[in-house]
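Here the chain labels run A, B and C in written order, and each chain numbers its own residues starting at 1.
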Amino acid sequence: MEVIDYFIRRQSMVMELFWEHMYLIVVAVGIAVAVGVILGIIITYNRTLAQGVLIVCQVLMTIPSIAMLGLLLPFFGIGFTTGMLALVLYSLLPIVRNTHSGIIEIDKAIIEAATGMGMNEWRKLTRIKLPLALPVIMAGIRTATVMVVGIGAIASYIGAGGLGQLIFNGISRTNPPMIITGAIFISIIAVGFDLILGWSERRLHVAGRD
Amino acid sequence: MLNRILKFLIVPILLVGMGIGVVIYVVENPTDSMVARMLTYDFIISSMEKHLLMVFVSMLGAIAVGVPVGIMLSRPSFYYVGKVIENVVNVGQTVPSLAILALFFTFLGLGFNTAVFALWLYSILPILRNTFAGIMSVQPEVVESAKGMGMSPWRVLSKIELPIAYPIIIAGIRTAIVINVGTATLATFIGAGGLGDMIVTGISVRREMVTFTGAALSALLAILLDYIIGRIEKNLVRWS
Amino acid sequence: MIRLENLTKQFPGMDRLAVNKLNLEVGKGEVCVLVGPSGCGKTTTMKMINRLCEPTDGKIYVDGQDTSKMNPIKLRLDIGYVIQQIGLFPHMTINDNVATVPKEKKWPKEKIKKRTAELLELVGLDPREHGGRYPSGLSGGQQQRVGIARALAADPPIMLMDEPFAAVDRITRSRLQNEFLRLQRELNKTIIFVTHDIDEAIKMGDRIAVLREGKLIQYDEPGKILSEPAGDFVANLVGRNRSIKRLHLIRAHEILEEEHWGVPLDTPREEIKERIEESVISTVMVIDEKGYLKGIIGRRAIEEKEGEKAEDLMEEVPDNVTDDATLNDALSVMLEIGEGYVPVVDADGLFRGTLTLNTLLDQVRSDKSAK
């Protein structure tokens, strides 16, 4: 009840933070998709490079996000830039990994057939590899997005904005409705993205079967 | 054999060495007097202790609950309950860790125990999910032939289902521990202490060295634990 | 040994009965083959015998004892079970797979080790080469053999075998079938054997139970099933070429002729020539002093080759069959090597004689005229 009261009273502020949070997520994931898919494709052509990149990805993913923010802080200072950089970095990892494995795990026979039909590398990539790897890439984007929602909340602490502010301010002012509002909104965004992206991922899978 | 152990130990020793190196460096070369007052061996060690205590207590508790419950849900009589709980767990896992900590804080208040409780609950999810999924992934004909040969249900579970599901269960524990270490650094926000303290204090008093120490130590710890469990996972699967 | 009385099974949510009032008796040492189209209830019947699946109605007696009153674990330990999908344990080596039941029965370690090696050899695998491997390292046919060895491990008096040879090619299957029949002659187990291949049923069974939609249509010896099929369903199942199917029922040693055109290694050229002229297949078989088949000499070889003795003139044997092979097996080999004959050897590889296409045709003809 208190929570609903709070939300109604501070609606415009909460919604502003909500949109700020969404902006953070969409921009970070957008950049990460652009860079990650290209990087993922590049490393399918070189095994040693792929191994190196994937190990780095794996290690970076295990670093706690607040620690990553702390490590970036000395270089980029407090504020939006550091937050965005951390978000892009984290969301890159699953996208690179899934793009790579999505393409590598395509049945060799299919690629051979395409080569046999006289397709050049570019056409093979755009006509065969990417469409077939799409569901896997989509799964990576889904993981990245859900992760970024949570890390975005933490990034509020270093002044990147977003709904995390409600939680941090709520804790320091001991204002439970504020904390709960923040936590619930963040959770709804995460679960919402997970459901929507999960649904489109399954659609891609089904389309791939036919 | 000795060779293998040595090879296994190289990375952990390197990581621990790096951690010790960082600690010695920052304590011996503080950038100013404030940093010198904050970064003492005692303080760093006690933060580390608290952090490890938080992680290990919640992890052991999570394994102790997640694995048995996962096994129970995989029994045929719990089939539908298992499917429902699997979905609940999936949703629970998407809820960001900061939101979980914040929610528990509002109900249980500040402190170490709240953090351990939240970490415990949050870490159960991947363990339970993977235990359930691992056992469900055992091919039905394998279970049927075990039963048909006269193994008791308990023997089928302990000799066939669990060993086959082992790698997946361990992978769940690995996921849980990485999330757990990461979330434990956030526990500072609800007053539970640990390595997060250093990161956050460093940010608020604008002393990069303090932040860096906390960040480096928690990152090294996460990488170390992930590596160790990843190795265990690899060494278990000789058969696939 | 095994008696089914009015055995009935209805799965929840299915209006049809999976098994419908089945009555069947299998004597000790008999091979009873259940045959019928997919979904007719063969697997379900088997699973009710070892109680992996409880009957809706009816009784099962094993050795006169009502199985519903027995401890299912004890019951299963004494019934070897080869499941349709093989179901090897992927995380155990071949040795450990085979040792499963002996371990359950707490045999001493040494005995288990000996038994495992013995069984792997029995099913034609090399214990040293294959024993330490995991199932993923074996071919489908090898896995199937391991499945059979595993079921045999504790020497159970009863075996339930659900399409045990389904995962292998035709040639390997016929070899496995023959090995199985040879084993059965030694082991003398009571076996229920499922297949949907009527040829396999005729070859393997002492008696055949034809099932259709859970009902027993006919239960008879293979010869009877061929000569007096009960109704259109069985007749269709058996097919039109029943006389040829009968070739499954006769084994090479039963009709081997005395005359086998064998000559020793040191037979002189002239004598070989004479023998080839006499031989209906225009070929002689060269046998060494121990009785092993060493080679063959045909008309072409003797005309083109130099040399005075059989051992200089002989050519490689294209293929042979064992004396427990069915005439059908022999026929396939003849077609494969493109000759009108095939040499027959016994289990130890000693030469026993020669089967010719004419003998086979005579069998089919005599069967036709007998009817």
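A few notes on this one:
The rule is short, and it goes like this: a contact is a pair of C-beta atoms (placed from the backbone, for glycine too) under 8 Å apart; a residue touches a chain by one contact, two chains touch by 3 or more.
In this text the structure is predicted, and so the values were computed from the model without any measurement.
Viewed as a contact network, the protein chains form an open path, each link joining two chains that touch. When chain centres are taken as C-alpha averages, the shortest distance to the whole-protein C-alpha average belongs to B.
Summarising the inter-chain layout, the chain whose CA centre lies farthest from the centre of subunit B is C. Chain centres here are Cα means. That of subunit B falls 55 Å from that of subunit C.
Chain centres here are Cα averages; for subunit A and subunit B they lie 22 Å apart.
Taking each chain's centre as the average of its CA atoms, subunit A and subunit C sit 59 Å apart. By the touch criterion stated above, subunit B contacts subunit A in their complex at residues 91, 94-100, 102-103, 105-106, 178, 181-186, 189-190, 195-196, 199-200, 202-203, 208, 211-212, 214-216, 218-219, 222-223, 226. Those residues of subunit B whose C-beta lies close enough to touch subunit C in the complex are 139, 141-142, 144-152, 155, 160, 163-164, 238-240. The part of subunit A that touches subunit B in the complex is made up of residues 59, 61-71, 73-74, 78, 146, 149-151, 153-154, 157-158, 164, 167-168, 170-171, 176, 179-180, 182-184, 186-187, 190-191, 194.
The residues of subunit C lying in touch with subunit B in their complex are 47, 50, 52, 73-79, 81, 83-92, 100-101, 104, 134, 136, 147, 150-151, 160.
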